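Lettered A, B, C and D in written order, each chain numbered from 1.
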Amino acid sequence: MAKNDMSVKEELDQYYEELKKQNLGPLWYDLGHMVTKEPVHDVEPYLWKWKTIREYVLKAGKLLEPGKDAERRVVYLQNPSLLKRGLVGYGTHTLYAGIQLLLPGESAPSHHHSQSAIRFVIEGDGAYTAVNGEKTYMERGDMILTPAWTWHEHKHEGTEPMFWLDGLDVGLVKTMAASFFEPYEEETYPMEAPENYSTKQFSMGAFKKLNESKEPGYPSPIFGYKFDRVKYLLDEMTEADNDPYDGYAIEYINPTTGGSADSRIGTMMQKLKSGQQTKAHRHVHSAIFHVLEGSGYTVINGEKFEWEKGDFFILPPWSLHEHVNTGESDVFLFSFNDKPVMEKLDLEYSEVYEDNDGHQIVEKVFVPEN
Amino acid sequence: MAKNDMSVKEELDQYYEELKKQNLGPLWYDLGHMVTKEPVHDVEPYLWKWKTIREYVLKAGKLLEPGKDAERRVVYLQNPSLLKRGLVGYGTHTLYAGIQLLLPGESAPSHHHSQSAIRFVIEGDGAYTAVNGEKTYMERGDMILTPAWTWHEHKHEGTEPMFWLDGLDVGLVKTMAASFFEPYEEETYPMEAPENYSTKQFSMGAFKKLNESKEPGYPSPIFGYKFDRVKYLLDEMTEADNDPYDGYAIEYINPTTGGSADSRIGTMMQKLKSGQQTKAHRHVHSAIFHVLEGSGYTVINGEKFEWEKGDFFILPPWSLHEHVNTGESDVFLFSFNDKPVMEKLDLEYSEVYEDNDGHQIVEKVFVPEN
Amino acid sequence: MAKNDMSVKEELDQYYEELKKQNLGPLWYDLGHMVTKEPVHDVEPYLWKWKTIREYVLKAGKLLEPGKDAERRVVYLQNPSLLKRGLVGYGTHTLYAGIQLLLPGESAPSHHHSQSAIRFVIEGDGAYTAVNGEKTYMERGDMILTPAWTWHEHKHEGTEPMFWLDGLDVGLVKTMAASFFEPYEEETYPMEAPENYSTKQFSMGAFKKLNESKEPGYPSPIFGYKFDRVKYLLDEMTEADNDPYDGYAIEYINPTTGGSADSRIGTMMQKLKSGQQTKAHRHVHSAIFHVLEGSGYTVINGEKFEWEKGDFFILPPWSLHEHVNTGESDVFLFSFNDKPVMEKLDLEYSEVYEDNDGHQIVEKVFVPEN
Amino acid sequence: MAKNDMSVKEELDQYYEELKKQNLGPLWYDLGHMVTKEPVHDVEPYLWKWKTIREYVLKAGKLLEPGKDAERRVVYLQNPSLLKRGLVGYGTHTLYAGIQLLLPGESAPSHHHSQSAIRFVIEGDGAYTAVNGEKTYMERGDMILTPAWTWHEHKHEGTEPMFWLDGLDVGLVKTMAASFFEPYEEETYPMEAPENYSTKQFSMGAFKKLNESKEPGYPSPIFGYKFDRVKYLLDEMTEADNDPYDGYAIEYINPTTGGSADSRIGTMMQKLKSGQQTKAHRHVHSAIFHVLEGSGYTVINGEKFEWEKGDFFILPPWSLHEHVNTGESDVFLFSFNDKPVMEKLDLEYSEVYEDNDGHQIVEKVFVPEN
């Protein structure tokens, strides 16, 4: 290292050139990009209006039929920042959101896949989701699990169109090179379990057959999570339960573990009272939000995203965020996230925003691209 | 050891004498009594007629009032073989059974203790058991938990006398020198939780407050176990579920662990169809049985115990037993046991009886002492 | 209850008489004895001098031979307070302590039992304990596990007599009616594992065969616990590690669970520096102590028990106790206890003594019975 | 849907166009790429010759100094198939491998990061890795853990250059947007623990301080895993331990869980006897291999990769592979993988190759690019 700086630089450059030819690389040169001080990613926030989504989904209702023209009749939310990276169907780097439409009398055939899925009912009732032959009837606001590799199908026995959110960990499973998919050999899996069995199974006690080894764990013994109950629990909460960063919030759990209802996809319902404003924080996990009720806005990394009933928006990883209810009535925000994955991998970490009494300066207002 | 046998014997006897004075002992002499090849114990089987019990419990209803004359108005079952050993209030070496009577309008004050307790409703409805301020209403056939060290009280809001079984691990806790008891400072613990909350809490999904750390485990989040549900599950069972030694049987569980509902007292309901006869087996754990419905008999170590609706009987540890339904209708046998304790301590062990196609020879018929 | 008190009393007395004939009992009358406010038991403290024990054990060495005249050549410590209750071989209500002697060349044959056992070496070296065919060589101060139902045997390959403590949960297993015992069909179980394998197995990393499912849990993968290591750890401790009630103390653990080395018998080594005095506390669990090094005394429920190297003493359940080192050098107190049992059953509870700066008034001094 | 096919196609195309403008997408069109029947990925196999790597790493030894010119002096293996996707420093989609050189007297400063790391010593001895202030000395063949977020540094006290492999989950953590990095405020973290403490800590028993709550779990209490021990265990294995797909193989474990030594990076050593050939299988998890001893080849998806002592090669996810030892002496293959991640996420799945007696047809032979 006694040489002059110029010759050192030339020598290094030549060395780097040679390394590259050997499919080797200098860590000291690239370390800063490989092991960053804080998370670096390509996920940008985005927001879709329900009015637009609904219109396009209804149009799909006229263009094709599930089971015949399509495995599922679903319009998905494409995060434009990820499409630029060639990532088709990504909401965040790990999560996918699609809106499924089922018209009266229609059904979607049985299949299974290594992706986990949750459903959240946006409009209508009278359809069921069957998981491994057990039907769970769906009403507005309900959350329904179809855990990874379980056989699942849908059928609409009601009279009005039904819309629901499909939330899957498509990005995660693709990134992990772990996607497997199989249609069931027939249209319908045998319906062997009593209707709504799992939802009711712990309603009058908890039992097992003698000698039955009922291990706590995956998947949740409950498939259907009713909004009535969620609302009751949120309405019973007192000021002591009000979280500064999330407001009144409950998580959907697997009763046998106390952990997340789905083992990879976290699910949460938040309630904000009229005028309520949370403080900003950020965390490694990302999320996709759906506005079940009310109107307001969310500030994400200094950008304001205004929303009303039915809208969807993206919360990227490690992004400051705070929510405001600007309406007269309660806001109910449903969201699903990849927090269980980050926690299983010991990668979750969070930080609160301390400047300006916890509130970001709004630097711009989001306007959808067209 | 070259001496003649006589002098060896004398020498040993003198040695034993000396040892004794020093509060020492020769293991080789006593080992066979300390470490036996098979369980040795003083518990004998016994049976009580409900008619008799009911009469004496009702009489207590006239003689004294709970809360005033008595902490609880309960008549307990005294196993005579254990009374001979000075063990007052013992049903088996670990378990206690008492029959509690609450008359309309009466209440039993709040207290807690290190003994675990379960309740099983024999007659009547309209009373509640409150555990830590949460009321669970009781109906015939229901099982209610009041886990160790939880505050509990009873109140009867109905119109007819109510009888229920109290099952506690009195013997176990006494033997372990671990009894603690405390009355609540007031008659009633503050009623803070919604009625029947725990029984219903998993009826429409499962949830937790954000950031609430809801560890799976002790005690069960469910306090009330409904007979309606138990009956439904037993009636749904098929021949494949029929256990050769226990018939159709379900265990009451803690949904968050998959284990026993109470962490020390096991609970089971068995159903025997008309004419059904089980085969004989034995196990380390002991039990106390209550006949909810039907009539028949149980053979215990070659002795026949005939029973009908309402009766109680003792199954000692490591005793062969088989049950027969001699009636026209289904038999429902409720029992509680110390199996969870034996399992926690790695002391449970069982053995089937293989002679005579699994059936004992009946050598005598039990007749109550008077 | 409007009658005069006399007639009420007579009526009750007659009622109690009738109940008794029916093998029933009035809970309100007996409750105070069945469910006590604090633990009630028959275990009294006691102390044995090593000089006496050693003399009698050596005498047994002349009188009989293990494997031939005796399954094991062991002299046990008999708590006189429990002998009064007919409990032969009891140190506390749950624990047994015996002193085993093996002379050069002798061996004790293979057997197994449902009682758990720990060994603690008092004098000598060169003998091994083999557990399921794996030899662990024993030196003064070492603790060796022979977990419940494992095949175990001893052989002395050294040149001097060896004395060790056998600690078993004889009382517990007898009370639970769960004793099983079986001699091995031959004198010796096949020696298949490398010597001291378990003691060394985690000495250079931790590994498993591919596809080997090595569940953490019972029993400990380690059988031999070396005193060298215990001493090193105690000597490394700083004032911050000094517990007010136990001094410098370490517990022997199962590395795969972090819990007690044996799943039912707890084991602990305490060190007290010259002049050190602990404060008094009490707990549900009971223990048997052995003085490995040093001299001092322990105050138990106001009675002073003076001890020196080799002595043994009993700590009953729920008894106040504090230790004092009156010598010039460090005291090392080894003890085994039933704490894991109390913890598994959720029955452990402890309380510190707050009066008189945590020190009991000494009211009497213990003198052995003869 | 009564229209002719042409107009339907046009209508759909127009609809897709509109959807795209709204950042929406038709699931039925893209589903096959988002949820594939089997894993689809960009990872191709590759192989690097040790001779080449060593030469370039030594050159780096002349060009720069760790701590001064570079955080670490490491040359990493760049998978060319992933560089095409812009993924700098990737060996597989989740794993990174670098070769670190430390010259006598040199040290690499303390830092920590959310990436987990394992080290495997290729050449030399006398250096230590310190984790949270505890030094572990390194010899050829040893595996050393520096678990995620632990402070770690290296120092070479020996006399010859030392080369070791650094294995990190760089790709995984980057994909999860979860990278955090921090240098320690000083060059060296305080050395507080005894040398090689963790490696030795279970060598003479297992203990904890009284009241110390030592939860089993992450991270492993052992940091240094000695090759001596690994070799001993492999040499002790019998034919019954020979796995058809992996030969004689052991996994490095965390003794407190029985699971992988590092909670995210799996580690394995395989031994193949002279002439031994395994059968082909494939699994979701990917791996990077290092040839510690011997020579032979691996067939991956029909392509032959010939290797000798010191070489490195990539096993992509879901790729058929089988190994052959063509030399005279034993082959020792070390590898690290992402199996623990796939298992935690319930995404692991494997399949054996059944055609042709389990052996692939070799269709081409790999030749490094230059």
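Here, contacts are C-beta pairs under 8 Å (C-beta built on N, C-alpha and C of every residue); 3 or more make two chains touch, one makes a residue touch a chain.
Heads up on the chains, UniProt names are A, B, C, D = Cupin domain-containing protein.
Treat the numbers as computed from the prediction; the structure is a model and nothing was measured.
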In angstrom, rounded to a whole number, how far apart do the mean CA points of chain A and chain D lie? 30
Where the CA atoms of chain A average out and where those of chain B average out, how many Å apart are those spots? 47
Compute the distance, rounded to whole Å, between the mean C-alpha positions of chain B and chain C. 30
Quick check: how many Å separate the C-alpha centres of chain A and chain C? 55
Using the contact definition from the top, classify how the chains connect: line, ring, star, complete or other. ring
Complete list of chain pairs which touch one another: A-B, A-D, B-C, C-D
Touching residues of chain C toward chain D in the complex: what are they? 143, 199-211, 213-216, 220-222, 224-226, 228-230, 233, 237, 241, 243, 246, 249-258, 261, 268
As the complex stands, chain A meets chain D at residues 1, 8, 11-12, 15, 18-28, 30-31, 33-41, 43, 46, 48, 52-53, 56, 59-60, 63-65, 69-80, 83, 88-89, 93-94, 96, 98, 113-115, 148, 168, 170, 172-182, 218, 263-264, 284, 286, 316-318, 341-342, 344-349, 368-370
